[in-house]
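What follows is a set of structures for review.
Note that chain A is present in both complexes that follow, paired respectively with chain B and with chain C.
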Partner chain A sequence: MEAAIRTVFTMDFLVSSIRVTTPILLCALGVLVTNKAGIMNIGIEGMMLFAALFGVIGSAFTQSALVGLLCAIAASVLAGWIFAFFTLRLRSDILLTGLALSILAQGGTIFILYVITGDKSMSASLNSLQLPFITIPLIKDIPILGALLSGHNIIVYLSLICVVAMHMLMNKMPLGLRIRCVGENPATAGSVGIDVNMIKLKAITISGVLAGLAGAYLSMGYLPWFTGGMTAGRGFMGIAAQNLGNVVPLGTLIASFIFGMAEALANVFVLLHVPHEFVRMTPFVITIAGLIVVSIHRTRKERKRKLSLGKRQAADGNAE
Partner chain B sequence: MVFELTSILAMQGITKIYPNGLIANRDVDFMVEKGEIHALIGENGAGKTTLMKILFGAEQPERGTVHLRGEPINFSGPMEAIKAGIGMVYQHFMLVESMTVAENVVLGLEPCKWGLINIEEAQRRTLEISKQYNLNVDPKARIMDLSIGQKQKVEILKVLYRKAEILILDEPTAVLTPQETRELFVQLKEMKEKGITVIFISHKLKEIVELCDRLTVLRRGESVARASVAGITESEISKLMLGQEVQLGVEKESAKPGAPSLRVKNLIVRNDEGRNAVNDISFGVRNGEILGIAGVEGNGQTELAMAISGLTKYAAGIVEIAGKDIRGASVRGIRELGFSHIPEDRMTYGACAFAGVYENLISDRYYKKGYSKYGLLQSNHINSEGDELISGYYIKCRSGREPVLSLSGGNIQKVVVARECSAVPGVLLANQPTRGIDVMAAGFVRRKLIAMRDTGAAILLISADIDEVLEVSDSIIVMQNGKIAAYFSDATQATAEILGEYMLGLKTQTTEEIRRVFHE
Partner chain C sequence: MNSRNIENLVNILKTLMAVVVSYAIAAVIIMLVSDMPQQAISSFSMGPFSTLRRFGNVIEGMIPIIFTGIGVSIMLSIRFFNLAVSGAFYMSAIIASAIALIPMSVGLHPIVGIFLGGITGAAICVLPALLKAKWGINEVVSALMFNFVATFIGSYILRFVLFDPMAGFMASRVFQDTVRLPLLIQGTRVHVGLILAGVVTVFAYIFLYHSKWGYSIRMTGMNKSFAIFSGIGVSWATIFATVIGGFIVGVGGASEMYGMFTRFQWTDLPTTGFDGVMVAAMARRNPALIPIAAFFLSYIRVGADIMARSSDVAQEIVAVIQAIIIMMIGAEALLAGLKKRAILKNSAKEVNV
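Now for the complex of A and B:
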C-alpha cells in the first residue's frame, strides 16, 4: 500500500495520467457533440477502432504520419456516415445501430488486419509511423513543469485545443446553437427552417473527426502499433465522462482526467502485483461512483433552483 | 373577383384529399385583408389545420390557388413561407427550454460577427422588437423560468423578428389565464394598428366577437361563411360552425343537496418547492350538488385535486370521502370508497395512449369480478360493456380495439368520462373536464355532469373556464393563493365580474361567510 501511495505522488504518475486521459477526452468530446444533437453515439468505440487500424495502414503504405492521421480520420468519419445513413435515413434504432457498429469494428478490424498482414493479433509486421512528440522550447527547461507539460504527443496538445474549440462551437457559433436546439426540441428546429437531419449529420461528422484523432493517438502515439480491441472500452468511458462533466466541454475535461488517473492507477496496481481482475475493475468502479455522486449533486441543485425560482415568483406576485 | 385586388392573402378553391381518401378541404375560399384580425373558426377536424399547412407549404393541395399580395405562390416548405413574411405561433410552443429568450428568437437566423453569434446584437434586437410591440420579456431570461403567457410572447417575438406581416395564431388562448388572454388581445390590437395582419384560429366564440374584425367558418372541410364580426351574434356563428341549431347553454333544475359526501378540513398541500400550495382550506361537497371551484390557474387547484385523488401526499388536514378518512389510502382504496376522478391532463392520468378504447374503459375495474377470472381478463364481458359505453357516450372510434392515441381530444375525453361516470361514484372530481375539446363534446360532458348530480352524486368541478363554472355549478368557491377567497351558496348570484375580483385577490369574504361551505 505504501508503495502504491509513493508511486501515485510522483511526476511519472501525473504524466502517465495525462497520456491515458487523451483518448478518453477526445472520445468524450465526440460523444458530447452528438449527445447535444440528440444522438447517443455508442458507436464511437467502433469508430475509434477503425481509425486506429487505418491510421497504421495509411502511415505504413505511404510512409507519412500525416497521411496516416488523415486516413484514421477518414475511416472514422466514414464509419460515422454509415451510422448516420442507418439512423437518420433508414430510421433504425440509435442504440442498436451504435452497438452494431462497435461489434462490427471488433471483428472487422481484425479481419482487415489479417487480410493485409496475415496476423490476427497485431500490426507489428507493418512498418507504421508514429505521430510526432513535441518538446516545447523554454518550458521544457522549467524544473517540474517542464516534464509535465513538454514532450507529449502532438495529439495530446490537440485534444486540449479541441476542448476550447468545442466550447466555442457550442456557445458561440450558430452551428452549436442549432445542434443544441435539434437535440432538445427537433420540432422547434424544423419550425424555424433548420434541417434537423443535416444538423445531426454535421454533429456525427464532428464526432467522427474526434474519434479519428483518438484512434490515431492509440495506434500512432500511445502505442506504435495496432492490436485487436485496443480501444478497450475507452469509448464507453468517454460516454460516462461527458455525462459526468454535465455535457459541457470543461466539465468533460475534468471528468476525463479523473478517469485517466483511475486508469493510470490501474497501471500502477499491475506493477504492484495486485490481482489482475481487480486492476481491470478500478477505472469502471470509479466511473460508476462518479456518476452516482454527480447525479445526487445534480438533483439537489435542481431542487434548489426550483425553490429559489418559486420564492422569486411568489415575491413577484406580492409586488403586483 | 374583387378580393384578389385588395386581399393580402387569397386562397381560392383549395381542395386537399389525403391518401387515405379523407377530404380535408373541399373548394375552400379564404381571403384576408391587410391589417385586419381575421378569425378562422370551425370544430376540431373541420380542416383549419390542413388549410394552414397548405399555406405554409407543408402540404400540397390537389386543386386551388394561393395569392400573396396579388402574386401567385406555391411554397414547398415552411422556410419559404417564413421568408415571404408569414409567421406561425403554434399551440404547442416551439421553444428550447434551456436557452435564453434572445437565443430562441434569433435561432436559425443568428446575427453573426466573424462566424460567431453576436449575442449582444441578438439581445438588442429582441429588446427593440419587444418594446415596439409592448411584449415585455427579459431577453436574457431562460425559457424554463418563464410563465406560459411569457412563453407565448417569445413565440410572437420570434415571428416578428423574422419580419412577418401575417401572423397566424393557432388557438392561442387555450393555455392562457383570463388575465393573460386580455393582455394578448391588447397586444394583438396594437399589432393590427401597426399594419400586421393576424389570422386567429379558435373555437371560442366570445373571444372572436371581442377581438376579430371578420371571420371565415369551416365546416367539414368546406368554407361555409365569410362575414364581418360586427353584424353577427354568437349563436349565429355557432350555427354556422355546427350546421345546426345547438343549444349552447345547458339546462338544469335546481339542486336538492343532501349531506356532504366529500369533506376537506384544514387541508395543507405542499408543492415541489415546499410552498403551501393549498393553505389550510375547508369545504364540503354535498350529495346532489355540483360545487365549482373558480380561480386563476396555479392557485392550488391542481395540488388540491392531486391530494383528494390520492396522487400526492398532503402535509396536514383531513380528507373524508363517504365518511372515511383517506389518509394513507392507495388510489385504488380511495376509488373503492366510491370516488371517481376526471383528471386535468387526460394523457397523463386519464388514459393510456397506446391501449385500446376497451382497455381504457375498464382500467379502473379490470381486477373486479366479471372482468377477470383466474387471473385472465374476460374479454366477452369487457367488450360488450365497452360497446355499450362507446354507443352511450357517442365515442367516435373505428373499433373498441383502436388505441386511444388515434382518437381526437374530445373523444379521448369521452372515454375518460365514460369510465369515471359508469363507475357510479358517490363523489366525482372533475378537473378541467372540457379543456381543449370542441363545443359539441364539451356540451355533452357538461350535461353528463348534471345528470350525475341528479342521480345524487357529489361533484367537485375545477375549471379555469369561468363561464363553465357559472353554467354548471350549483354553488361556487373561489380559490386564490391556496385559500378560499369566497363562497357563493347559490351560483346564480355570481357573475364573471364578481368572481374575477375574488380570483385576482382584490376582495375576500369574511371567515364566517367562507365557513358556510364546510356544511357543519
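Now for the complex of A and C:
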C-alpha cells in the first residue's frame, strides 16, 4: 500500500494519467456533441474501434502516419454515417442502432484484421507507424513542468485543443446554437427553418472525427499496434465522463481526468499485485453519485422556480 | 383483415427482409475474401444440421439467449432500454457459482442456486429503474455504469473468493456434483435448462399478454400519457417490469452455469445480455417468438464456428449479420410506404362495404 501511495505522488503517475485520459476525453467530447443534438451515441465505441484498425492499416500500407490518421478519421466518420443513415433516414431506434454498430465493430474489425494479416489477435505483423511525439523546445527544460507538459503524443495536445474548440463551437458559433436547439426542442428548431436531420448529421460527423482521433491515438500512439477489442469500454467511459462533466466541455475534461487517474492508479495496483478492481470501479460509482447529486439539485431548483412562479401569480391575483 | 394484421404482416416481411439482406451481404463478403467460398457457405448454412452433436450445440447455445431475450422483452415492453441485463446475467452466474461450491442435498441445490441467481438478476436490473423513478436519471448511462461495477466486483470475487489455485488458469473451484442440471439428450450437452426456458417462455407470454400487470406494462410502453390518465403508476410498473425481467435473466445466468460448466471462468461480461436485446428486437418483444429468434442467433453462431474450422473465413462474420438485422428490424421508415398503402386500401374497402 505504501508503495502504491509513493507511486501516486510521482511525476510518472501524472504523465501516465494524461496518457490514459486522452482517448476517454476525445470520446467524451464526441458523445457530448451528439448528446447536445439529442442523440445518445452508444455506437461511439464501435466508431473508435474501426478508427483504431484503419489507422494501423492506412499507415502500414502507405508508410505515412498522417495518411493513417486520415484513414482512421474517415473510417470513424463513415461508421457514423451508417449510424446516421439508419437512425435519421430509416428512423431506426437510436440505442439499438448504436448497439448494433458496436457489435459490428467488435466482430468486423477482427474479421478484417484476419483477412489482411491472418492473425486474429493483433496487427504486429503489419509494419504500422506511430503518430509523432512532440517535445516542446523551451518548456521541456523547465525542471518539473517539462516532463509533465512536453514529450506527449501529438493527439494528447490535439485533444486539449478540441476541448477549447468544442467550447467555442457550443457557445460562440451558429452551428453550436443550432445543435443545442435541435437537441432541446427539434419541433421548434424545425419551425424556424433549421434542417433538423442535417444538423444531427453534422453533430454525428463531428463525433466521428473525435472518435477517429481517439481510435488513432489508441493504435498509433498509446500502443503501436491494433488488438481486438482494444477500446475496452472507453466509449462507454466517455458517455459517463461527459455526463459527470454535466455535458459541458470543461467539466468533461475534469471528469475524463478522474477516469484517467483511476485507470492509471489501477495499472499501478496491478503491478503491485494489489486488488485493482475497487480503484477501477471508483469513477463509475462517482458518476452514479454525481448523476444523483446533479438531478437532486435540478429538481430542487425547479421546485423553487415553480414556487416563486406560484407566489408571483398569487401576487398578481391579489393585485387584480 | 384489419390494420393491426397488416402491421404484423409488414413486420414479419421486414424481419424476413433483414435476414435475407444480411445473409446476402455475408455471402458477398465470403465470396470476396475466401478461396473456397462454396465450402464456406455450405458449412455455414448446413453445418449445424450435419450431426446430432452440432445440432445439440445450437440448442444449448439458444438456452441462455431465451432467458435474456425474454427478460429484455418484458423490460422493452415498457420502453425501458435496460443494458444492465449484461451485468445481471454475469453477476447471477457468479452468485450461482458461489452457491455451487457449498455442499447441499441433491434436489435442493440447483433450485436454491437458480433462485438466488434470479434474485441477483432482479436486484441489478431494478437499479437503473429505481434511479430513473426517484431522480429521473437516464437509464442507459446508469445501466452502463452498473455493468462496469458488476464486472469489477465479479472479477474481484473470482480472483479472491472463488479462485482455484490448482486449476492453472483463471477459474473457480469445481462445482459440487449435486448442482449439475441433468442432461436431456444423450450425445449432446442439452440440459434441463431447456425445459426451464420453455416454462419461462409460456409464463412470460401469459404474463405480458393475458394478465392485468402485463397489460399495464404494455400499455405504459405504448402510450405513457394514456397510462397515467388511466391511473397506472408508471414508475411502479417500470420497477415491476425490471424486477420480473431481471429475475428471468438471473435464472438464465444460474442455469447456464449449472447446465454447461463445472467451474466459473468468465473474466469479462459475456455477450449474452446484448444477444437478449437483439432477439427481443427480432421477436418484437413477443415472448412466444423469442425461442425462434434465439434459435436463429445460435444457429448462425454454430454455423460460423463450423465454417471457421472447415474453411478460411473467420467466424466474426456473424457480427455483420447481427448488426444488419438489428439495424434493419428497428427501421421505422423501411416498408412504411407499403404499410401505409395497404392500410389505406383496406380501410377504403371496409368503408365501401
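Some points to look at:
FYI, the second predicted complex is superposed on the first by the 274 of 320 C-alpha atoms of A that agree within 3 Å, B and C clash if a C-alpha of one lies under 4 Å from a C-alpha of the other, contacts with A are read in each partner's own complex, and residues count from 1 in each chain.
Note that in this section contacts are C-beta pairs under 8 Å (C-beta built on N, C-alpha and C of every residue); 3 or more make two chains touch, one makes a residue touch a chain.
Owing to the predicted nature of the structure, the values given are computational and were not obtained by experimental measurement.
Of the two partner chains placed by superposition, A:138 touches none, neither chain B nor chain C. In the superposition on chain A, A:172 makes contact with chain B only, while chain C stays out of contact range.
When both complexes are overlaid on chain A, the residue A:275 reaches chain C alone and has no touch with chain B. Applying the stated contact rule after C-alpha superposition, one finds that A:194 touches chain B and leaves chain C untouched. In the overlay built on the shared chain, the residue A:185 is in contact with chain B alone; chain C does not reach it.
Of the two partner chains, chain C is the only one that A:239 touches; chain B does not reach it. Of the two partner chains placed by superposition, only chain C is touched by A:95; chain B is not.
Put simply, more of the residues of chain A are touched by C, taking chain B and chain C as the two choices.
Listed in rising order, the residues of chain C touching chain A in the complex are 33, 81, 83, 131, 135-138, 140-142, 144-149, 152-153, 155-156, 159-160, 274, 277-278, 281, 314, 316-320, 322-324, 326-328, 330-334. Taken together, the chain A residues at the contact with chain B in this complex read 168, 172-174, 177-178, 180-181, 184-185, 187-194, 303, 306-307, 309-311, 314, 317.
The part of chain A that touches chain C in the complex is made up of residues 40, 42, 86, 89-93, 95-97, 99-101, 103-104, 106-108, 110-111, 114-115, 120, 233, 236-237, 239-240, 243, 275, 277-278, 280-281, 284-285, 287-288, 291-292, 295-296, 299. Here chain B touches chain A in the complex through residues 77-79, 82, 88, 90, 94-99, 103, 107-110, 112, 115-117, 145, 158, 271-275, 481, going by the rule given at the top.
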